[in-house]
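Have a look at these structures, which come just after this line.
Shared between the two complexes below is chain A, which has chain B as its partner in the first and chain C in the second.
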Partner chain A sequence: MDSYLSDLVPIIIVGLSLGSLFGLVGLAYTVIINATQLVNFGQGDFAMVGVAVCWALIAKLGLPLWVAFPLAVVAGGAMGFITNAIIVTPLLKKDVHPFYPILGTMSVGTIAAGAVGIFTGFYWMPIEHFLGNEPLKVGGIPMDTQGLLIIGTTVAIVTAYWYLLHKTRLGLALRATGFNREVSLLAGIQVGKMASLSFVISGIIAAIAGVLCAPFSAFTATDGMILGINGFIALIVGGWGNPYAALLGGVLVGMIRALIVGYISSAHAELATFLVLMVVLTIKPQGLFAGFMMPKTMNSAR
Partner chain B sequence: MWRNRKRDLMIICGVALIGALLPLGVADFFRYLVVLVSIYGIAALGLNIFMGYCGQINMGSAGFFCIGAYVPTMLQVKYELHYLIGFPLAILFSLLVAWLLSYPLLRLKGHAMAIGTLSFGMAVYLIAERFPELTGGADGITVPAMTIPGVEVGDKFYYYLILACFLFSYLGCYFLMDSRIGRALKAIRDDEDAALALGINIDQYKRFAWLVNSALMSVAGSLFAQQAGFLSPSTFALWTSISVLVMICVGGLGTNLGSVLGAAIMTLLPYILVSIQEYIMLTQGIILFCVLRFMPDGIVGTLPKLIRRNGRSKQAVAGSGEVAL
Partner chain C sequence: MLTALSLLLFSSVTPSFAAETINVGFTTDFSGLDASMAMQEAPVVEMVVKKINAAGGINGRQINLITQDNGSDPAKVIGIAKMFKEKYKCKVIIAGPTSSVCIALKNWADQNHVPVIAIDPQSDKLWVKSGKSWFFRSETPASPRVEAILARLKKLGHTKVAFEGTTLAWGTDTLASFKARAPSFGINIVSEVLVEPKSKDLSIQAKKLKDSGAKAVICVDYDAETAGLARAMSAIGWKPYVIHTSMANLTASMGLIPTEMFNGWEVIQQIDPTKPLIKQIWADAKAYGAKNVVEDEKGPRAYDAINLLVEAVKLSGNPDDSTAIRDAFYKIKTYERALGPKGGKGGYTEGKNHLLDSKDLLFAAVKAGKLTTVK
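On to the complex of A and B.
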């Protein structure tokens, strides 16, 4: 019993960092959903592109991390911009079925994954721990510095996003676009630019998430999809179109996963994630924390 | 309507005849390609009924493909149950799974349904990979060859078996979509509320389309296992679901012919375009991108508009005129 408890703190830290990672990807989805009501199925591949750029700059060109990281983030943003420009906007203009732009984002993601895969031969793209491999010891309990970094970054990004969304005119325009496209257009909001901006922000957040988790897991060209799915699960478990609910959903999923890895078996952790999703979809399809911290009007914007 | 049908049936019979005579004249590799196209054609027909006709989203079809492949194989390996018993059992099992899943999944709409079905597909894949005692695990498993007394079970036998299954599925889908059920499914796709107002039992018809989808995917899986001779869980990962989805989008959602054409194109193009496995993902991504961007109605929806033909293609256009999903 004693060993169970002493294991608990590191497991909680792992769960929190994993959860904030999923929540961060879920937030990246939510940014686009809030502005355009679209799900970007290439989200994970945005993260993968960030990792690939960061890895290529460090391993191939020998640049230091503090140069490569911002460039990778820029690449993620560019990826978002390109996706919106070459497929999402043209398809929305054609007035096809809503699922087509989503498939379009997936096709861009697949092209990116395929291209990076050819470049890397579908092998790992390893990135060192940012702050060294030595775990931080607090009161005798070892803590992974990368995990703490992820938690900290997530809190910072969510706070920044909250500030952007609720305290600036730009955020108001972004929210209005997602709430009602036509009325926003009448009010003089440049709806197209807002959609584009949301894709760029989303790409940036995804790239940050990807690069942060790359030292944890051996990232290959096709792993972006997996990260994307986990983020989407976080989003659905938490609540549709609500960034804070996505974060909470991510933490819940990450915790469950860490507890299963810690106490049962690592082989069944992924399976459990999908089972949790199925259960949530069965009992509460709108998400567990759907109304969390959101004004009532935003919820009706589904 | 009837004249069209007569002509269509004659075309199908012609294709069947050509298919039956093919092995006499062509190389083994070509026969292998026909088999592959038939297998994926069956899968695409199944997914098309649920997505193209009924307008729902299924991103986890590989789950049923996996069940169809593993159930008869494991029954043969563990209990030495003959395949001719195993195949129907696999279909029954995937119908049962689909029926159970239909209660949570079919209530969902849009993205929630996409992620729900996707997670089902991933769950089946993970079960196949992480439970070695059940499925042979990540190392894969060899599928024992079928034995029937008095019949030589070789490449030709599989060719005819798979071709027969394919033609049977195609005819089934063809008649189904001309029937009352097909019209009800299309009505649900076009406008759910209007369909409800017309007295169509939406839940029942959605469930029906979902069950047909699962059954056809499972048939395709069983045939795939027999044809491949070796099963590895990675074959049934997310990518398979997506590539079947790409097939029906390329061919044109909501047309049987389109599904088969899409299956043919997406199966054959990698063989024609690239010889290296690593390029396939990029190729498929580019094809999907180009189809969505430049001809969202798919091949069957776009080509007839270009060449202005009558008859069958016109009917096909009528089916896919509004590309509702």
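On to the complex of A and C.
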């Protein structure tokens, strides 16, 4: 029993950091869903582009991480802006079925992965731990500084996003667009700009998630998809269209994975993830935390 | 008039025969688990083919390498193999690194009677121990590696050993082989951890291995996961003796995190780096423009696989007969191999569809961030 308990602290840290990562990507999906009702299936590749830019700036141009990281985040935002400008908005203007722009985002992601792959030879894009390789010892228990950084950054991003959504006029406009596009137009909200902004924010969040994740498990050009799938699972498990629920969904999935790895076998972590997804889809398809921190009107609208 | 007509007729037919290419299917993991490995091996395969074609090809016929990405997907590779056979009329195929892909490909080759030579899968399931095989490889299978490692562990006095490996065929087969053979070496496998590909953080797994009381760790995993294990062990301040079964994966891992995290690790080595041929292959690959050339066994392994294929086609007497090509893999006697000790020559013998035995394997150790052959 003692060994079970002594294992628990590192398991919680790993679960929280992994879950935060999935939650961040889930949040990135949600930002776009709320503004456009669309799913960006290139989301994981937005994260990969962030990693690629950060790696290239460090490895090829010799820039320090503290310069490369913000530039990579800008690149993630630019990727979002471009995706919206060249694919999503033009298709929405043509009033096509929503499936078309969704497929368009998937194409942009795949092209980005291919382009980065040609540039890197599909080889690894390693990025060093942000805070050095020495673990932080708390009460004698070594903790990976990158994991702690992921948890802290996630809390900061979610807080900032909450502030944007609930305490600013811009956030009000973003929420209104997601609530009802037609009414927002009538109210004078520039719905197109809100969609563009949501893609930029989403790209920024995804790039941050990708670059923070890269030191754990080096990325290749095709690895964005895996992060994207896990983020999407977080979104479904947590609750569709609710940014905080997506985060909680990610944390739940991450914790379950870590517990399975710690107490059963790491060979079954993927299986456990999909089992959780199946259970949620069966018993509460709207997501386990669907109404969490959301105004009642917005909940009922969904 | 008739002579003139005959000349005209033959002049139009003969060049067409001369120009008829020998189609060789090449499928590897340009994407997927072993993409980093494939991206270093594929240029060597292309380089050798280009060199042979520049020298006139095989009996005047150029080799046409038809390349397809299988994405480390066993299902996809079957479709590709079928396409090689039916659309391109390939009579021989060269394949990439992943064991699970090659197991599927071997089954296909057995049923369709098209010989396949793979560069680097290690699974024992690919070993055909009796009769002639339709599947060959340049890589040494898991069992001889396991025996060599167990002998090494015994020599170093390690009796409590932990195992970390991938959940894919390479890891599970190698684990089974260790478990079966360890007792005869007086070695106890005290803990085992199988890790799914693309696992992000291996600190829980590293702690498990440490808590089992193991003094040595056998690592059978891909690049990122090997780096993850090294990082996690470093993070928990655990420095056991670690031995990896694949030089190619270990060297790739060393490019991902600070190399000092691998200090003291050892690895099975299939090449003798002092061989002039080895140095020549690395130099040629760089000159050819291959990206990310690492001076390890990936290049030499690919070099042997494609050259053995070419030798088999040459010796078959009929490049359009897949059975003759298969039989010719057993007739190669004079080919000087890049892999193995100096002076190693030849191809395959019945009951052994790989090249090296445990006695042919060397060890290398990481010292000050560099691999050095253990004497």
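Criterion: the second predicted complex is superposed on the first by the 299 of 302 C-alpha atoms of A that agree within 3 Å, B and C clash if a C-alpha of one lies under 4 Å from a C-alpha of the other, contacts with A are read in each partner's own complex, and residues count from 1 in each chain.
Note that contacts are C-beta pairs under 8 Å (C-beta built on N, C-alpha and C of every residue); 3 or more make two chains touch, one makes a residue touch a chain.
In this text, all values refer to a predicted model and were calculated from it rather than measured experimentally.
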Chain B and chain C placed together on chain A: clash or fit? clash
Task: Scan A:87 for contacts with chain B and chain C and give back first, second, both or neither.
output: first
Notebook entry, point to check: Between chain B (first) and chain C (second), which, if any, makes contact with A:147: first, second, both or neither?
Noted result: second
* Which superposed partner A:267 touches (first chain B, second chain C, both, neither) -> both
Is A:106 touching the first partner chain B, the second partner chain C, both, or neither of them?
first
Chain A contact check, chain B vs chain C, more residues touched by chain B
What is the contact status of A:117 with respect to chain B (first) and chain C (second): first, second, both, or neither? both
For this session: Tell me which partner A:232 touches in the superposition: chain B (first), chain C (second), both or neither.
Result: first
Only one listed stretch of chain C (37-45, 73-81 or 289-297) runs into chain B, and it is 73-81
On chain A, the footprints of chain B and chain C overlap at residues 117, 121-122, 222, 267, 270
Chain C residues touching chain A in their complex are 30-32, 35-36, 38-39, 167, 193-196, 198-205, 207-208, 211, 223-225, 227-228, 231-232, 234-237, 252, 255-258, 261, 291-292
Within the complex, chain A is touched by chain B residues 57, 103-105, 107-108, 110-112, 114-116, 118-120, 122-123, 126-127, 130, 238-239, 242, 245, 249, 278-286, 288-289, 292-293, 296, 323-325
Given the complex, residues on chain A that touch chain C span 3, 7, 10-11, 14, 17-18, 21, 117, 121-124, 126, 128, 133, 135, 142, 144, 147, 213, 216-218, 220, 222-223, 226, 258, 261-262, 265-267, 269-270
Per the touch rule above, chain A residues touching chain B in the complex are 39, 86-87, 90-91, 94, 96-100, 102-104, 106-115, 117-118, 121-122, 222, 225, 229, 232-233, 236, 240, 267-268, 270-271, 274-275, 277-278, 281-282, 285
